[in-house]
Amino acid sequence: MKSARKEVSAVPRNAAPWPIDSIVAQLRTLRVKSLEARSRGDRPPRLPSRKALAGIVDGVSAALFPNRLGSPDLTDAGVDYFVGHTLEVNLRLLHEQLTREFQFSSGLDRLSDVDRERAIYVTHAFAQYLPKVRSQLESDLVAAFEGDPAARTVDEVLVCYPGITAITHYRLAHSLYCLGAPLVARMISELAHSATGIDIHPGAHIGERFFIDHGTGVVIGETAVLGDHVRLYQAVTLGAKRFHADSSGALVKGEARHPVVEDDVVIYAGATILGRVTIGRGSTIGGNVWLTRSVPPFSNVSQANALDELIVDGSGI
Amino acid sequence: MKSARKEVSAVPRNAAPWPIDSIVAQLRTLRVKSLEARSRGDRPPRLPSRKALAGIVDGVSAALFPNRLGSPDLTDAGVDYFVGHTLEVNLRLLHEQLTREFQFSSGLDRLSDVDRERAIYVTHAFAQYLPKVRSQLESDLVAAFEGDPAARTVDEVLVCYPGITAITHYRLAHSLYCLGAPLVARMISELAHSATGIDIHPGAHIGERFFIDHGTGVVIGETAVLGDHVRLYQAVTLGAKRFHADSSGALVKGEARHPVVEDDVVIYAGATILGRVTIGRGSTIGGNVWLTRSVPPFSNVSQANALDELIVDGSGI
Amino acid sequence: MKSARKEVSAVPRNAAPWPIDSIVAQLRTLRVKSLEARSRGDRPPRLPSRKALAGIVDGVSAALFPNRLGSPDLTDAGVDYFVGHTLEVNLRLLHEQLTREFQFSSGLDRLSDVDRERAIYVTHAFAQYLPKVRSQLESDLVAAFEGDPAARTVDEVLVCYPGITAITHYRLAHSLYCLGAPLVARMISELAHSATGIDIHPGAHIGERFFIDHGTGVVIGETAVLGDHVRLYQAVTLGAKRFHADSSGALVKGEARHPVVEDDVVIYAGATILGRVTIGRGSTIGGNVWLTRSVPPFSNVSQANALDELIVDGSGI
Amino acid sequence: MKSARKEVSAVPRNAAPWPIDSIVAQLRTLRVKSLEARSRGDRPPRLPSRKALAGIVDGVSAALFPNRLGSPDLTDAGVDYFVGHTLEVNLRLLHEQLTREFQFSSGLDRLSDVDRERAIYVTHAFAQYLPKVRSQLESDLVAAFEGDPAARTVDEVLVCYPGITAITHYRLAHSLYCLGAPLVARMISELAHSATGIDIHPGAHIGERFFIDHGTGVVIGETAVLGDHVRLYQAVTLGAKRFHADSSGALVKGEARHPVVEDDVVIYAGATILGRVTIGRGSTIGGNVWLTRSVPPFSNVSQANALDELIVDGSGI
Amino acid sequence: MKSARKEVSAVPRNAAPWPIDSIVAQLRTLRVKSLEARSRGDRPPRLPSRKALAGIVDGVSAALFPNRLGSPDLTDAGVDYFVGHTLEVNLRLLHEQLTREFQFSSGLDRLSDVDRERAIYVTHAFAQYLPKVRSQLESDLVAAFEGDPAARTVDEVLVCYPGITAITHYRLAHSLYCLGAPLVARMISELAHSATGIDIHPGAHIGERFFIDHGTGVVIGETAVLGDHVRLYQAVTLGAKRFHADSSGALVKGEARHPVVEDDVVIYAGATILGRVTIGRGSTIGGNVWLTRSVPPFSNVSQANALDELIVDGSGI
Amino acid sequence: MKSARKEVSAVPRNAAPWPIDSIVAQLRTLRVKSLEARSRGDRPPRLPSRKALAGIVDGVSAALFPNRLGSPDLTDAGVDYFVGHTLEVNLRLLHEQLTREFQFSSGLDRLSDVDRERAIYVTHAFAQYLPKVRSQLESDLVAAFEGDPAARTVDEVLVCYPGITAITHYRLAHSLYCLGAPLVARMISELAHSATGIDIHPGAHIGERFFIDHGTGVVIGETAVLGDHVRLYQAVTLGAKRFHADSSGALVKGEARHPVVEDDVVIYAGATILGRVTIGRGSTIGGNVWLTRSVPPFSNVSQANALDELIVDGSGI
């Protein structure tokens, strides 16, 4: 015991008793092996930056709702300058992130001229899409206000509701997904997922007046299609059933494998709808329902005899 | 192809190829139209700030538990100065956020004298309520410590458990809700929701010694009433059944529509209890139970024949 | 009414109308009483800092994946310097947090020499474990890439997938848990829980090639054991059934009370598996299944007649 | 000796051995006495904030030279949005600082309506003066470029030369001084003084094409008047001689007591010119000259026989 | 030429063309050699931190003048909490910096118990000295207000005048110098020197009602003694003449080698007073005077025939 | 009066009463005119960033003196990693700033390949020069320690003395100046000038063991040459006499126009030496001396009869 203590007291204040050199060497070996395994040589191109994208989403959101998400002190004389400046800065930053994605997916050492052009065109198209996003979000806000007995004003919905945060991220990410930037789109979706517990894949198609209440645990898959005026509660899954594997055992990618939800459907908390089924318009799906087949328009689906399934062993007074 | 590249190379380093002016103009049109739709003119008053409220909750929490959530280096001689200073700063900041809520809900251009007084009185009452909040949280901490086999000390529970974070936010938000500041209260609840995945409406009434374990996905509705010594696990919903709409189709607001949970009830993960039902004291609700009717005191509710419902297609050795 | 306003207008700009002194005194009384109740005297030792641990996990992760999670501009000539420097800084910081835990759990006024040594040895052992963590995470990344039809590259998985964030935290926390630092380990797990909604107790044993998709609501308990190549979806619970209380009513701590999941098992969203049961290797557990008994290898478990349980009241066209 | 050590070891980790309570009390007594001495009661109004003014000067400078002092990445499409937004924000902030000065100098408890109006009008006038400031600064930049053999480009002068920093602060401060905000003006001057060692009172009148080289130690007094195209080197003082005291011994304030320097004058390093004297146009004042009388136009003033005054005791080889 | 370009283009994006390894090795060799030369082994103890001291001076200044240098929003109810909390935090931080100085000057590997005690006692004594510092600074403020025709209020002097910044740093540093912490004292003085260009050695003794106007270039040496009510202008030097060297050529340290300036003396800009001379009380020393002998009380010293020394070659009209 | 107030009260909370649009337009006109005047078109290339250079100098200084200017907690095992990582990061950043200078001075729209190569080569050469800079600074530190009776240790000199800050900046800037990056070099010099009041042009040549005491107001010109072991005090100027203008009136640039100071010279405070004169080795120049001719080695130069020049009008008791 004494010798152990001696060893420790022999560790001077400024010496690290942990073997940095050896760990650095081992990690280098692992890195090299891993890079070789992916036959990518030793110069991995940059990925888009999660932190930069978080700033861009905040900036673009502020440009869309300058008084509420930008600066509360904006004057009328200043608001357009704010919007223009904020857009200009954030589109430039987005453009840079897009060049990273395109170079990354090209696998080339340098950004090709074609990818440089793509980044400009995608940013351009995204910019032009923004007024439409603002309109859609207006419709979502009204839907939330009308759909929640607890909501007092539309403004309150905008600043309070995690569902709105998730839908804003989704609508921005979806336009980038459609424009051919799936990685940036996915990273934006994950920002919302982390903040709200709502996981909407940017590939999903979602109509106007969309509302998610509470939201924690909602999952909407890549090929899901939702009509207008759909309302979801927490923990609703619109997912795939099992995945198909090809003969080699690899998963088949890209198939339409998630539900179609038509207009004016309400799906209550915990319902799970799996596979390429269709929920007809005007239907209501009850809480915790497990559904893997289509239902016609105006259906009301609920758990059978929910109460009978329970064993109530009450020994009350 | 060549012409396309020419166009790009004609884009000078400093010119934005995206049409900022046009987008700014479109967004302005949308903003004006949206403001008109809400007949609010062009001068929207400020909303409370989410970021400011996050700081206030952190500050007040630090004043309640100065050694654990404030500064670990506080000396005995310094702790009251810390508490007093922290309270003074954060009550002042809270007062400002309350004036924003009151002016916002008044719809007036300027803060009225009545609302100014209200903000002072509400801050005052909130401050006086803090010792009681501290006592309640002590009881919650003990409940968590006693309720989780993995907990080693009460201090560990305070700094580690997301349930405690959620309950602290709830207890502060609830007092503001009761004092007539529902928007600030709601924003505080959403801070906890985002951090923990636990969504407790500030309108709910919750007794002492409350414990939520794991917590992700828990939802407790606005009119829920929980007695003392209730214990919940992750993904428990205490929600409304369907909402009532009036003859015009608008949702009826304010009704008691969420469960009453009496003292000493335990509700296991994933259980869903909906509507104004009563769970009698001492009851235990099993995991994933779906319950929409009242049960008497000391009930044990669980899924019937859970195993029989499963198709086990085992082709094991 | 007039007198009330007068009182307010008598409140000068610089006076706080809230009774700070009285609240400070009440809070002091509560603090003292609470400390006495825990017979800890008036000098609570420091706990580890959540914020410091967050920085340490980020730093160590950057050292493990320097190009992806460190700095994208690292040159080949610089990468080892980055790794070595980042490790050196963060191991030193971890060492400090470990001394806090050991002093805290010792309950002594000062750090004992034994605890000082322990902190050095634990940091040392943790450091040596890092190359193995990197290898395990490589296997997890490949599993995620192969298991998700939406994943395009392994790098994308590393920066996008919340499951990977949670597993990285778990693997680091688990090694600290095994080395006798359960509090620091738990705090690291809670960082991932807050960011991802995935709650893996650092005590669980998890093999290689582990993948969690979506993940919100996943709970894995302290004594769970998972083999290699397990795949989980969102809201899967691997939990305890009810806890045993001893004759005094206190919960029995430390028992093996969570499931064993063997190699090559897939568990779909919302499945709940409780108690010390074993899921045989190669099994598939369907979505929302509620399972409290063991199943043999290569079982396929799914909800019986899921469709028959539903009441579909369709009044479609 | 032993007892002293005992006393120290009796100081527990968490107790402060310094007597905070007593010092707080003593400082309170001093504060109250000091406030009484100035018969200002206990509610001192706010002063303008040095830090806020530093930000405002940076912001306004960026609006004047957006590519050089704003953001180097500004595009042509974005520059006006940047300028407008930056102006809007910083004029609003300046307005707030002006209200502080006016309330402070009024000595009233609340901002009077008259002072509120003044703050708006002064901000307005300041804003309209900005294009003129930009023109003057252009002329100063050209003067610096032409006056320093070491300067390579006008842009380099703008970003490198402390003289330009000082003159920019002066020109902004001077306009505020003329508009009746001497305190804010003085605080802006002191920002430049601290950064450059150049102390120009905002009350001085200075023409176009002004250049200060090196600059450390330059002092220009409140009532100094400088024509166009004046060039100064480091440590030049344009000061008052002795101050006049009235019969009560108090200094007489406000008199013209600093030099008049006409157009096209050069003053070399260390020259000291005191009192209300006039340096005629086109004159050159040599280094270290001490001058307290007027000189006619086109004078060359230098130290007589500078060399004869020296005792050179050379014992060289 | 072509080969050179080829070499460059062969530099891949991620490789540094600069030889880091070799430079690191050379710097290590130099460090080791340098440490050996000072026979200090390889474990240099920590020095106090300039940045930490800057924060401490700001904190203590805020405690001395809470409304002006602390927070402008402090209420009467909150000000003592602010003062107490700010003192407590900054005395603790000062204590840590003092332990660094004492360990450094001891040359030991660890802080000795004696030095630990010293740090506590010095902090304690410093704390008790603070009310006196506040009183002295009050007298300095009044002196500045009375001594400058441009000053409007005492508050303005406090926030605007670099002389007050320098004197505040001096008074705090001087008390630490007297208490045996010359290094921390010197570092505090240098903070003021950098911010104001005023260099007051913390060893100097300076009475009450001290005023420095403009101040850039003022130097006051270690053994200077200034009485009450002294007024200095910019670029005044109170320095040593030549230094004495002992027989080995080393400078003799510690001698009284700077001027004594008695009460009520005014020294105008640029005057240089060197050596252990005495300026009798009530004297006035003119600008740019070079003085190396004592002068009796009530002297008026000025440059002889300043005008006759000038060659004025005026070819004016 | 009433109408004025009405106008103000008509200013709604959110409208700016200052005419942003008009000022933006005027500023644009001025910018365009100014750019045209310099025939540079509308796309000014980026200049190096002052803030980035400040970070680079701090980083490189930390690499040179890692324990003192880097991190005080560095362990022996970690110090080379720190040095290597810090160098790698800061050389990369320097490289970017150099490309800005080279593109700027080329006046081209894009960085040419030649300039890209230059930036790499200059960074490379600068890196290789660093060990020599460290050696020179060691000699400067020793000179300061030996030259100042107040200095206690070499380490104290390194962290306290503004002269060392200025010399460090100079030595780094000088190597960049010699390598053809005069703008970056100048900006680095100005950083030291602002922090210390010491203005050393990066073009000057300065030998080893250089010491500046106090330093405020020191100016050393572009073509000055200083030998080894030179010591300067505050406010010493080594400047040019008057500048020569060519026939067109433009200043002639590049001439050797500043003093040569040979080895072992001491120059006391306030001395001014102008023109291409030579101060022979071993000479001492007294305070406030004004010198415009050469002096032989081992001269002692001081002001003649300094005392006789003074009028002492003493009316002492």
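By letter and in written order, the chains are A, B, C, D, E and F; residue numbering begins at 1 in each of them.
Note that a residue touches a chain if its C-beta (ideal position, glycine included) is under 8 Å from a C-beta of that chain, and two chains touch if they have at least 3 such contacts.
What you see is a predicted model, and the numbers here were worked out from it, not measured in a lab.
Asks: Which other chains touch chain B while also touching chain F?
Replies: A, C, D, E
Asks: Please tell me whether the contact surfaces of chain A and chain F are same or different in residue numbering, using the over-half criterion.
Replies: Chain A vs chain F: same; shared/all numbers exceeds half.
Asks: When A-D is set beside C-E, which has more C-beta pairs in contact?
Replies: Of A-D and C-E, it is A-D that has more C-beta pairs in contact.
Asks: Please tell me the distance, in whole Å, between the geometric centres of chain B and chain C computed from their C-alpha atoms.
Replies: 22
Asks: How many angstrom lie between the CA centroids of chain B and chain D, rounded to a whole number?
Replies: Once rounded, the distance between the two centres reads 50 Å.
Asks: Mark out which residues of chain A touch at least two other chains, giving numbers and ranges.
Replies: 12, 14, 16, 18, 20-21, 24, 42-43, 73-78, 80-81, 83-84, 87-88, 92, 197, 216-217, 235, 270, 288, 303, in rising order.
Asks: Using the touch definition up top, name the residues of chain C that touch chain A in the complex.
Replies: My answer: residues 63-64, 66-68, 72-73, 76, 79-80, 83-84, 87-88, 91-92, 113, 116-117, 120, 123-124, 127-128, 130-131, 134-135, 138, 146-150, 152-156, 159-162, 195-197, 214, 216-217, 233-235, 269-270, 287-288, 303, 306-317.
Asks: Chain C touches which residues of chain A in the complex?
Replies: 4-5, 8, 11, 16-21, 23-24, 26-28, 30-31, 34, 38, 42-44, 46-50, 104-105, 182-183, 186-187, 190, 193-194, 197, 199, 201, 203, 216-217, 219, 222, 235, 237, 239, 243, 250-255, 257, 270, 272, 274, 280, 283, 288-293, 295-304
Asks: Touching chain B in the complex: which residues of chain E?
Replies: The touching residues are 71, 73-75, 77-78, 80-89, 92.
Asks: What residues on chain D touch chain B, complex-wise?
Replies: 14-16, 18, 20-21, 24, 74-78, 81
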